[in-house]
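One structure below.
Naming follows writing order (A, B and C), and every chain is counted from residue 1.
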Amino acid sequence: MEITLSELAKLIGGEVSGDPSVVITGVAGIREARPGDVTFLADPRYSRFLETTKASAVIAPPNAGRSKKPLIICENPYLSFVKAVEYFFPNRDSYPRTIHPSAVIASSANIGKNVAIGACAVIEEHVKIGDNTVVLAGTYIGKRTTVGSDCLIYPNVTIREEIKIGDRVIIHSGAVIGSDGFGFVKDGEVYRKIPQVGNVVVEDDVEIGANVTIDRATTGTTLVGRGTKIDNLVQIGHNVVIRENCIIVAQVGIGGSTEVGSGATIAGQAGIVGHVKIGEGAIVAAQAGVVGDVTPGGMVSGYPARDHKQAKKIYASLQKLPDLLKRVADLAERVAKLEKGQKV
Amino acid sequence: MEITLSELAKLIGGEVSGDPSVVITGVAGIREARPGDVTFLADPRYSRFLETTKASAVIAPPNAGRSKKPLIICENPYLSFVKAVEYFFPNRDSYPRTIHPSAVIASSANIGKNVAIGACAVIEEHVKIGDNTVVLAGTYIGKRTTVGSDCLIYPNVTIREEIKIGDRVIIHSGAVIGSDGFGFVKDGEVYRKIPQVGNVVVEDDVEIGANVTIDRATTGTTLVGRGTKIDNLVQIGHNVVIRENCIIVAQVGIGGSTEVGSGATIAGQAGIVGHVKIGEGAIVAAQAGVVGDVTPGGMVSGYPARDHKQAKKIYASLQKLPDLLKRVADLAERVAKLEKGQKV
Amino acid sequence: MEITLSELAKLIGGEVSGDPSVVITGVAGIREARPGDVTFLADPRYSRFLETTKASAVIAPPNAGRSKKPLIICENPYLSFVKAVEYFFPNRDSYPRTIHPSAVIASSANIGKNVAIGACAVIEEHVKIGDNTVVLAGTYIGKRTTVGSDCLIYPNVTIREEIKIGDRVIIHSGAVIGSDGFGFVKDGEVYRKIPQVGNVVVEDDVEIGANVTIDRATTGTTLVGRGTKIDNLVQIGHNVVIRENCIIVAQVGIGGSTEVGSGATIAGQAGIVGHVKIGEGAIVAAQAGVVGDVTPGGMVSGYPARDHKQAKKIYASLQKLPDLLKRVADLAERVAKLEKGQKV
């Protein structure tokens, strides 16, 4: 595939600065790019690579400054780069819309038009799958679960019974949706299982990473809101409610019945206890241990998680702690001496 | 399904306070409940919902106080609620006891009476499965492994060869039992694999969460004791021994050869190094980093994990550290001034 | 299987100290060993078990001292023990080299000689599998992926399309190789997916644990270098580069585009942000939160991760912090008194 820089600029919505006739044949990150590639500059930390990249052209923001490299100047270089990637990989997720003969599909299942079902996939009784959805090999969908239209379910996913998946949802391999919530009640010495009779609702445009686990509610619903993106190996407990357009990074754990407001970001390996509320647009830093509510728009970090500005001060102060101990010991001696002197 | 409050009270072992003729049609949590539902009050943090819940009745402890809501007064409201849930969902885990024709079962496998085996499940040579056990679609059971009676193995589980699973064990989707322990020995520059020739023994009444990994022993046995409950995404290293009735919350990691005493609780995302001993009934707080033994009945938290009371003091003191630095600097100045004054 | 101690010593490269005619019938850890077993002593912490072990003989280092137990003295007891294990379990990983009739193999797939493919495994178009490789039940290999020779892929693994796996690679159950990188760009209120069009390259002699997730690159390659060993439930982000002979312990998370130098060790549950560099031979301690580069040969620990010696001092000082607060308050009072006295 080939396109001139000027044509590409039109396609992705930018202005060429430099030779518009340069021929572009691929896309790549700024460090890995080779001649023929277009790359992009979004993160100022990478601007030092602008002159050394082997790319033939760079998609850059208006404030990128001058460069010997041909540029496409865009308001949102990252977004424009995505459009370039989509141009060069137009059929990335196209799967033949066939039902593999080895798939096991219950006679009561309701399969939409133009659906693909992979080899050894298992679709149980009364499942409903919307139009254009792709279910790949080895995936299991339990009875009475509904999956919307235009979804992409990768191989070896498990979606248990009575789950609701919206439209345009992407679920990566190994994810488990609707496993039992972790609920037990002590009955003398032993733990007795609390039946987990609720469900999981995954709204439209959600993406769920590989080997993620989302537990069904004890009663009621565990909810993943529209447009929320969940990275790999995340654990979402029973009755958790995650609102729209949240970002949940890899290996995060969210305890039962906690609510995450819309637009919140939970960074990698953070843990949130059950029964708290993360406000709209809040940010929980990586590895934070959240034990209480977080205010809307707030940012917390550390263990136990505190307001990020305060936490940063604390963690910076920590470096001085060993020295502080010595200084206080020294002061104590000098004060004792002064006290002696005064008495004398 | 319908039942009057007085009938329900008899069934779950409590006394009605209020109108005994109220008709109950379902169960739900106190915040999500709708008219017709019975809910429960176990956690005092939720008592503020007692008057505002839409539930038609509440299962409550003797000290709940008076309420306009009809109540069922019980010693253990949570346990009584479980009985109510079981009443309304009597056949929750009932699966037709059939062997799906697409399941692949070795001729030497010994399958008990009344067993279900799902589509595309694979049962290898010399496997033994006890009566009434359910093995769902896509699950793999390796050669010479034995699974007891009345077990429920969800879809897409992997149980490797020569594992022993007791009776009434529940294993959730994506769990891997008996993967190789992580053992290598350095041979010059490279790591040479130590063959992992031990097994895993899972005793009766254990529950294992989704995408859990339990490694087989290098030699000998990795043990999960009777009645222990393991949440999702937990890692249990080779030769770990977990005794009876422990609670292991999501994303915990337990290093090789560590022993967890009976009745211990390991909270979410905690990590325990290898070769240590967690005493009976001990509690490891969420995200704790345990690097040594924990005494029976003890509670530890923080990184590195310390006695919880001490750790709480430390983490509370941390807030004052930035201010402390300033105060010590101020004191140092004043002491220096005093010293000058005294000299003069 | 039986072998005399003197024969075993020859086989594993050591010298007998004590009765060379002792008959050995198995292998075991020093605490679990029974009569007839040979065990080993590598970790000095276990030397207290030397006299009490029930093993019939012990593989020990030259400095082990004298013992009533028959010993085999070796330079590297652990390595010699591995050889003993290999002697007693010679066919540990031998699988019949057959293609199960229920496996689904695309006609364009190129399958080498002496390959095993398990029940319900799915091999897509244009996959290439090298000689002697074993692919077990339920595993999925996506189109145009190549797997080298002498690999062992356990059941229920997912390897997505266009991945390159080297020779002698071991991949444990539930691992997902080549899931999409977690990349989104904000487009107004919503997140738009960045197509992930790169791949994953896993070099020779790598081992990948159960339920590990390795994301494909956005563009270019996510790399796992030759001889690197990855434990269970590890997350490796898009465009991460891990060099040769690294050890990545369970539940570690490595953010996108980070580079891990050869011979590095990342201990359990550690997290590393994206876009940093871990030097050759560096060590990241368990649960560390790495937010910047780590120098070659360096060791870091704690949150945020600092030089390990400094971090150790800080974490030790922490214990004294509650007391320090009291001491400073006391000093402040005494200094105030002194100041009063001086004024007077």
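The criterion applied here is as follows: contacts are C-beta pairs under 8 Å (C-beta built on N, C-alpha and C of every residue); 3 or more make two chains touch, one makes a residue touch a chain.
Please read these numbers as outputs of a predicted model, since none were measured by experiment.
Participant: Using the touch definition from the top, list the chains contacting both chain B and chain C.
Facilitator: The shared contacts of chain B and chain C, listed by label, come to A.
Participant: Counting shared numbers against all numbers at the contact of chain A and chain B, is it over half, same, or under half, different?
Facilitator: Result for this pair: different.
Participant: Between chain A and chain B, what is the gap in Å from one C-alpha centre to the other?
Facilitator: Chain centres of chain A and chain B, defined by C-alpha means, are spaced 25 Å apart.
Participant: Would you mind listing the residues of chain A that make contact with two or more other chains?
Facilitator: Correct list: 102, 120, 138, 156, 174, 211, 233, 251, 269, 303, 318, 321, 324, 328, 331, 335, 338, 342.
Participant: Residue numbers of chain A touching chain C in their complex, please.
Facilitator: Touching chain C: residues 27-29, 32, 45, 76, 78-79, 81-82, 85-86, 88-89, 92, 100, 102, 118-120, 136-138, 154-156, 170, 172-174, 205, 207, 209-211, 227, 229, 231-233, 245, 247, 249-251, 263, 268-269, 286-287, 302-303, 315, 318-319, 321-322, 324-325, 328, 331-332, 335, 338-339, 342 of chain A.
Participant: So in the complex, which bits of chain B are touching chain C?
Facilitator: Touch residues, chain B against chain C: 102, 104, 120, 122, 138, 140, 142, 156, 158, 160, 174, 176, 179-180, 182, 184-185, 187, 189-195, 197, 211, 213, 215, 218-221, 233, 235, 237, 239, 251, 253, 255, 257, 269, 271, 273, 275, 289, 303-304, 306, 310, 313-314, 316-318, 320-321, 324, 327-328, 331, 334-335, 338, 341-342.
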